[in-house]
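The structures considered in this document are given below.
Paired with chain B in one complex and with chain C in the other, chain A is shared by the two complexes that follow.
Presenting the complex of A and B:
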């Protein structure tokens, strides 16, 4: 029976990989510049923060939860970077800034998790509230002004290229590897799938579902901090609107990537492929030069991807309910 | 004990409040011997450098006029509700003129109407509200002037009488009314430079990162691109950063609307040759002069011009008092401005 599940998963990856290849090669034929090293590099840089947060979001959604506060968290942590590092504000050294932002991210994510577990509030409500609160705090901290004098050491995080590749691409690759290892090779990974598959059964199998939930939210905070550190200093200005709507981009990548929105099923590989595919939509439309009207299509296409992904997820559930497909096999304790 | 403490605290608070009320009341009824004119200047958001520089100009005008008591105050968070309650309070105090930059014309319009019913003169500045809620608007620039100034700046930066090449616009959103108005007049002005072709108008959704990516894509998809207009506050620095990181500074020119301080670094390194905005100090200065003239009766509806101190004769079109002077900040003059 697991083979059936595995085929489905492979199919989703094959489907995404195929679409990605078609889009990329198709546009490259029409406009050879699309396949240039520079464009591939830009696409990967653009994807990097989506992939980094997407790794953690995959774990959150696998657990059967959701975190819509990551965009606002990014905004607040970006404000933190600016206020801590700008010579006109606190002027702290880059090392201290990185440590503080990472600690801040873990703390904010942990608070999300605690509210969900201890408060027994659905995560969509908790993180929706958090989304507004964090944006408000960001606006208060920034006081309606911009920070434009980030020191070179902090700008390096966003623009530096150790060993010839931008730091954000290295970081994204590390995040993917780490998440795959956690998901596949550790008890935590098993517990995440078990909690999302059937939390009652998991609890009976002595999985600490509460601890698992808090952990995945803390990981989401950590990854958001890391993504903020390697992507925001790519720009010269820190303002209070950074990260608005970013959570949608990330959640879209996870869901289109084949992770079930109800938890228990999916993985990081799909998220990465979906993030790459989605990142191609806007530039592809721009390269194909379909005129100004084409801009209107970008969101429509993104939305269509989400709908298609969610519908295929539903179909899978119906099949399961039919009894023809499978029951979750990962529920056992290690 | 607990109750006693509470009673005590309440008593203290009541006393403080009574004192404040008395102070305010005294301020209101105090007869002004030389008939001073009280002008209230309300920004959209207090604490923004843009408005702080406006208030500097307003204070200059008040000092010059001599008989003006200027109150500059507004909500620090830009909340239109708080701004409206300030207008209400000033109306109760019976000030002479209230000049409003409404962040939400609907919300503030109500308060402005009420103030007018109490006999207070109300004008708008920087942004407008419905005509019935105010007598005049002090307008920094018309959409036409802004659109033309942007295109002229780009043409001049490209460096000849008949500049040629491809240019693109990165706007805020496709539905932003202000920007769409400017784009309309930019297109009108582009006809003057037939060899400049507008190849794309892309939205950045007020997202610096997206503006950055779009600028990158535009440069790659059109290697012969000559210029980018960044016409929203975050699209401008986003586009400039993309050009700079691609090593195209000086090859692809970026221009747009921003306060000079925010773009100074790009102007210094040559990525941006011109930043377009109006003189915000003069905007505040003109507003106080207009308010003063309105209160003293030298400014009446139907006039086509009036004299505003050091700015001299200013044009009035209908109920719009025009500052009519768009500034272009370049490497040579940007250090003279601090806003």
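Presenting the complex of A and C:
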């Protein structure tokens, strides 16, 4: 059983890796500029926040929960960065801003988790409500204005390049390593998989499923804060629309990456590959010079990728005639 | 005793919430509560209401459909393009609604046929249908529809807007189907316990195909009505309307896990959201307040629902 599951997991990674290689090499052959260091850097920078939040979202979905509030949370935390740091507003030093934003993220995630666990409200509803509330709060705080005078110390978080690589890429790599270690090498990781696999069984095995759930939501808040800190200051403008629709991008990456939506099965590696693949769509469309209207098809292609990922599981099912493995990989209804 | 159990029903709680909202509105601003104003504002909720009806069925069956807004947009765009290409307006409308049906059937085929989780399928088609709408129309708005078509959205008989009449008819159809037909009982059966329903002889796959097909069809219809109301067909109409729809259904007391809920509850849920939104917009003209209020209502109401349900046990 374990071997079979592992084969399936490697297959998904192989599939994604292969697709990524085909897309990347294909466009590079047609247009050598695509493989330039500058373009690869841009791709990675663009994909970094998806990867960072995707790591946490993978843990949330592994637990059998979902968090659709991360996009709005990002918007609120971005507004927080602007209001706390702008010399015209509070003008606090960068260190304080970072600490406040990180604490804010953990707090917001923790509130989500507490409502799910203590309030017994399904996570889709809690985070759907939060998504709306936080966006509203962001718009009230920003009052329809833009903040354009971020101090240099805060801008450094987005534009700084220690050791020749943008900070967001370093952060994304650190987030991936940390999440893999947590998921595979710590009791928390084991408990996350156990809770998602069968929460009743996990509870009987003395896993504190409530604590596990609150923890993963808090991690989602933390990672959203980190992603916001390293991505938003890349631009000089903060407005209230930051992060709209971002939750769908992140969840898409996790799902295409092969993590089961009903929990218990999947991993971070798939999420990272899927995020890279999705990040390639728009630049590839632009580079291939199909006309400036080609990008209108981006979302259609994104959707097709998810359906293709799902269908690939079905094809494997026909080959193996093993319904159980499929139920696990796609989280099919019983 | 009967009174007590009535008081514990979620619909009663919602009706009370609605009464409080309307009472507050009437107290703060009597003009808002004038019948003519209410009838005029009611058209704003038509799309939300009619899409929420099949969504209630889908969620009652234990599923979810995130793609309704995208199906709606695709239907609107197909309608606009085919009218522009010279099709008569009735034929273009039929084509639009059928586009919605097709969107729903594709969802249903993946969910019932390939047995993929509805959240994943409709997450994919949420992107795909909206993307197709953007791709086919290249994001361009289409307008210039004939007056006789726009009457669907703007016309009224005796002060009652046509679109409201359509919505009322749809409410009656769905309410009766849910309580008076075999189809309705089967929806509840699947949502309560799918395996038990299968052993009881409910054709699960066929039912799901129907449910998602109906959801797509009604979304298509809502798309046509929306175009008639705004005189514009565009790929980015009603962004994230699926979230409003799901919020309304869940606020209406339908369990996100299926099996429990009612069409009446959904109608009340839509009305609460609609009246709060319109009143806040009417009096303070601040859209951001609406977001905070609606989101809070969703979370707090489900929290409260849990408390009521637990005490009832």
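As a convention for this text, the second predicted complex is superposed on the first by the 305 of 334 C-alpha atoms of A that agree within 3 Å, B and C clash if a C-alpha of one lies under 4 Å from a C-alpha of the other, contacts with A are read in each partner's own complex, and residues count from 1 in each chain.
Everything that follows uses one rule, which is that a contact is a pair of C-beta atoms (placed from the backbone, for glycine too) under 8 Å apart; a residue touches a chain by one contact, two chains touch by 3 or more.
Keep in mind that this is a model prediction, so the values were computed, not measured.
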{"item": "Contact breadth on chain A, by residue count: chain C or chain B", "value": "C"}
{"item": "First, second, both or neither for A:97, with chain B first and chain C second", "value": "neither"}
{"item": "Which superposed partner A:236 touches (first chain B, second chain C, both, neither)", "value": "first"}
{"item": "Which of chain B and chain C A:131 touches, first, second, both or neither", "value": "second"}
{"item": "First, second, both or neither for A:61, with chain B first and chain C second", "value": "neither"}
{"item": "Chain B versus chain C as contact partner of A:139, first or second or both or neither", "value": "both"}
{"item": "Which of chain B and chain C A:53 touches, first, second, both or neither", "value": "neither"}
{"item": "Partner chain in contact with A:250 - chain B first, chain C second, else both or neither", "value": "neither"}
{"item": "First (chain B), second (chain C), both or neither touched by A:31", "value": "first"}
{"item": "Touched partner set for A:296, first chain B, second chain C, both or neither", "value": "both"}
{"item": "Shared chain A contacts, counted only where both chain B and chain C touch the same residue", "value": "139-140, 245, 296"}
{"item": "Of all residues in chain A, those that touch chain B in their complex", "value": "31, 33, 36, 38-39, 42, 46, 139-140, 143-146, 148, 159, 231, 234-237, 239, 241-242, 244-245, 282-283, 286-287, 289, 292, 295-296"}
{"item": "Complex interface listing, chain B residues touching chain A", "value": "45, 47-49, 76-78, 174, 199-203, 205-209, 212-214, 216-218, 220-221, 223, 234, 237-238, 240-241, 245, 261-262, 265-266"}
{"item": "Touch list for chain C against partner chain A, complex", "value": "62, 110-111, 114-121, 123-132, 134-135, 138-139, 194-195, 235, 240, 243, 246-247, 250, 256-257, 287-296, 298-299, 302-303, 306"}
{"item": "Residues of chain A touching chain C in the complex", "value": "66, 115, 119-122, 124-126, 128-140, 245, 248, 251-252, 255, 261-262, 293, 296-304, 306-307, 310-311, 313-314, 327, 330-334"}
